[in-house]
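What follows is subunit A paired twice: with subunit B in the first complex and subunit C in the second.
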Partner chain A sequence: MLTIKHLNFNYPKSRSVLKSINMNFEAGNIYGLFGKNGEGKSTLLKIMTGLLFPKNGSCLLDGYEMGKREVQSLQHIFLVPEDFELPSISIQSFEKVQSCFYPQFSQKQFYELVKEFQLSPTDNISKLSFGQKKKVLIAFGIATNTKLLLMDEPTNGLDIPSKSQFRKVMASVVDENKCVVISTHQVRDLHSLINHVMILDNAQVAFDQPLHKVSDGLWFGKPSSNDPTELIYSESSFGGKAIVPRLDKNETEVDLELLFNGVLSAPDTINAIMNQTQHDERV
Partner chain B sequence: MKEFSLSRIGQFIRRDITIHKSTFVTGLLVGIVLIFLFCIFNMMWDKQLSTDEFFGIFGLIYIPMGVLFTFSIFKEFNDAKTNQLYLSIPLSIPERLASKWFTSTIIYTLVYSILAIITGILALLFGIVIFDADFNVPSLFSIEYWNVLKVYFLVQPLFLVGAISFRKNRIGKTLLFLGILVLGFTFFNFFLFGIFNHNHGLFSGETLVSEAFDKTTADFSGLGRWFYGLLLGPLMLIVAYFKMKEKEV
Partner chain C sequence: MEFDNSKPIYLQIVDFFYENILVKRWAEEERIPSVREVAMMVEVNPNTAIRAFNHLQDLEVIYNKRGIGYFVASDGFTKVLNIKRKEFMEQMLPDVFKKLSLLDIPFDELKNAYNQHKNEKE
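Let's turn to the complex of A and B:
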């Protein structure tokens, strides 16, 4: 669906934000794009939407260069930015003037989501809190039914009940024709939502694996003291939780936060195990 | 997929008008009040409001208001909090440009002209009752009206480029740019005038130099009129197109 090849980007007079990035986003998946602050997650989403132009390389959505901002490509992508301002009109008016540009927009779905988020169509957007505005935009983004839905830190500004509400809504909307990319540094917020992990570190892709392969190759938990398996990464703050090669152990749920920290601390070891697991599966 | 659709342009114009409705209405109300007051003040002296005087007042408000309106509808283009959503709307650059231009010139001119004429007539009726002024209905078919429109349609694309290009102090920077441009063209005209007319002895005496300068602004050749009147506006719209194309958030 969306393919990024050898992409480089830097802001004027500053260091490289993205270096030789290669990524492929396929329909039917919810991708979690993780990285520390300033690692280029938002920049990457903006490039994917055609809002920034790569210095080298390409970003193609079904063969269309995103940087050209053609109607054909923009109709299939929607970005929920991290920081935004919506016009000072009612939710209803916003839907009326904005939805006509998206051919697959579902008015029914939009108003159902607005209701789900406990908002009223007659509410004036300017009088809503930032979190509520974010809900309006998330509802709108989902209702556009674009092939690709990008969300930059969607849970920022949402309260705790709204975060679980967000996860519930997101889990219900994805289908085999849709691809969702959620960028965040709050790894826990995407627990049990994503099925593919991408981690950016040092301006490069440090990790890019589907979640089922992660659980095939790695074991997350508190290893017993007589376990001979070599620790890949462990953290005392997680109650002694560690990442070890799974080998013949039972499958565990992927601990996203532990995986993220593990990848940042031992990327080569983790990627080598993942490659080995894939190789073994093929054999 | 068509990259230029009249239907999408129409929808985008509707979007702009809905979003900027309050700015539009406030600006028009201010314009109406000012026209009314200026018309009344004008009638206080000579008990009449000629077509020339009315369209002088009209232009005095219509052009600056139009410029402000142009900057206002491009606000979300340069605002870091709004331009991500704005630029990701599925619309091609020619469609974006066409809709913004149409809103800030044709629609603005139509609405403003009709309201200005109604206000002018009301001010005249008021003047007749209070000052016993002459009744002279301003007409949209008068040459004075079209001259004001010509000036606006000529300078508006330049302000449109300014509204797109500058992030901060947009009006000031555009005015500065316009000042430099006018100065540049004046010198350009002066040199052309000097080159083509030097054998008439224009530069032999000191007073003639200032006379030549006057003529460069007053004597508009057919070629100059064509260049400024027909080429500058579209040229600025082409510049605006490329500025929009290269715009990043």
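Let's turn to the complex of A and C:
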């Protein structure tokens, strides 16, 4: 659906933020985009929506170059940014003004979500708290029914019950025609939603795998002291967890925080095991 | 020492199904929630929910009526009972035995505790 090829980007007079990036996003998935602060996650999302232009390389949505900002591509994509300014008008007016840009927009769905998030259509957006504004934008983004929905730290600012509501809503909107990309540090909030992990490090894609492949190749947990398999990555805290090759052990749930730290400390080892697993499958 | 492992989410959903069937919240030949409803209920990616459904379908605990939905198999309750009994005997019981011998608890004491518990319930 969205293909990024040999893409480079840097801000004026500074080092490369993205160096020869290749990525591919397909419908039916929720991608988790991870990376340390300043690794270019938000920059990448902005390039994907045509808000920033790559220095070279391409970013194509079904064949349309995003940087050209054509109607054919922009109507199929929506970004919920981390920081945003919304106009000082009612939720209702906001919907009337903005919804016409999205042919698949569902008014019914929007107002259902607004209600679910305990907001009223007549509320003035400027009077709302940060978390409530975010909910307006999340509800709008979902109701646009664009093929591609990008979210930058969507759970920041949401209270505890709203995070659970957010997961419910997201679980219900994904189908085989829709692709969602979530960039976040709040791994615990969103772990159960994500089914494909992408990790950016050193301006490059350090890891790009569907979770079911990860749990095929790697085992997460507390290894026994007499287990002969070598540790790929381990944490020394009390009851320290580790990543080891799965081999014939039972499948475990992928520990995303552990995987993230593991990829940053031993990217080559982990990717070698992942490629090995893929190779075995093909045989 | 055995490996400690945290169960994959899809197997935890499978357990959630087992429990609903064992307490008869979901009766045999009754329609169960759809993939989407289950995904919403437990707040997971629908792909993960599908994995749980496929797993249960392979074990013939549930079956799919095309275009209508998923149903508990006519012998679903017995099937789940056998699966969970096997799991208890093969996985949980050895741990209990290990603890019993580690703490040096005689079997009679366990038997008394069990009987007492049973009486209290009645």
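Everything that follows uses one rule, which is that the second predicted complex is superposed on the first by the 281 of 283 C-alpha atoms of A that agree within 3 Å, B and C clash if a C-alpha of one lies under 4 Å from a C-alpha of the other, contacts with A are read in each partner's own complex, and residues count from 1 in each chain.
The rule is short, and it goes like this: contacts are C-beta pairs under 8 Å (C-beta built on N, C-alpha and C of every residue); 3 or more make two chains touch, one makes a residue touch a chain.
This one's a predicted model, so the numbers in the text were calculated from it and none came from an experiment.
Student: Look at where subunit B and subunit C land on subunit A after superposing the complexes, then choose clash or fit.
Tutor: When both complexes are placed onto subunit A, subunit B and subunit C end up side by side without any clash.
Student: For A:Val114 in the superposed arrangement: first (subunit B), second (subunit C), both or neither?
Tutor: neither
Student: Applying the document's definition of touch, where does A:Ala206 land relative to subunit B and subunit C: first, second, both, or neither?
Tutor: Touch status of A:Ala206: no partner.
Student: Taking the superposition on A as described, I'd like to know which of subunit B and subunit C A:Leu148 touches: first, second, both or neither.
Tutor: neither
Student: Thinking of the overlay built on chain A, is A:Pro81 touched by subunit B (first), by subunit C (second), by both, or by neither?
Tutor: first
Student: Let me test your reading of the model: by the given contact rule, A:Pro223 touches which partner, first (subunit B), second (subunit C), both or neither?
Tutor: second
Student: Of the two partner chains, subunit B (first) and subunit C (second), which one does A:Asp255 touch, if any: first, second, both, or neither?
Tutor: second
Student: Taking CA centres after the superposition, what's the angle at subunit A between the directions to subunit B and subunit C, given in steps of 10 degrees?
Tutor: 150
Student: State whether A:Ile194 touches subunit B only (first), subunit C only (second), both chains, or neither.
Tutor: second
Student: Could you state the shortest Cα distance, in Å, between subunit B and subunit C after the structures are superposed?
Tutor: So the smallest C-alpha to C-alpha spacing between these two chains is 27 Å.
Student: Which parts of subunit A are in contact with subunit B and also with subunit C?
Tutor: The answer is that subunit A has no such residue.
Student: Under the stated contact criterion, what part of subunit C meets subunit A in this complex?
Tutor: 1-9, 11, 36, 39-40, 42-49, 51
Student: Help me check something: in the complex, which residues belonging to subunit A touch subunit B?
Tutor: 46, 49-53, 69-72, 74-75, 77-79, 81, 83-89, 93, 96-98, 100-102, 137
Student: Please output the residues of subunit B touching subunit A within their complex, sorted ascending.
Tutor: Residue list for subunit B touching subunit A: 1-3, 5, 8, 11-12, 14-15, 18-19, 22, 79-85, 87-93, 95, 248-249.
Student: Which bits of subunit A are touching subunit C when the two form their complex?
Tutor: Contact set of subunit A toward subunit C: 28-30, 164, 167-168, 171-172, 174-175, 192-195, 212, 215, 219-227, 249-253, 255.
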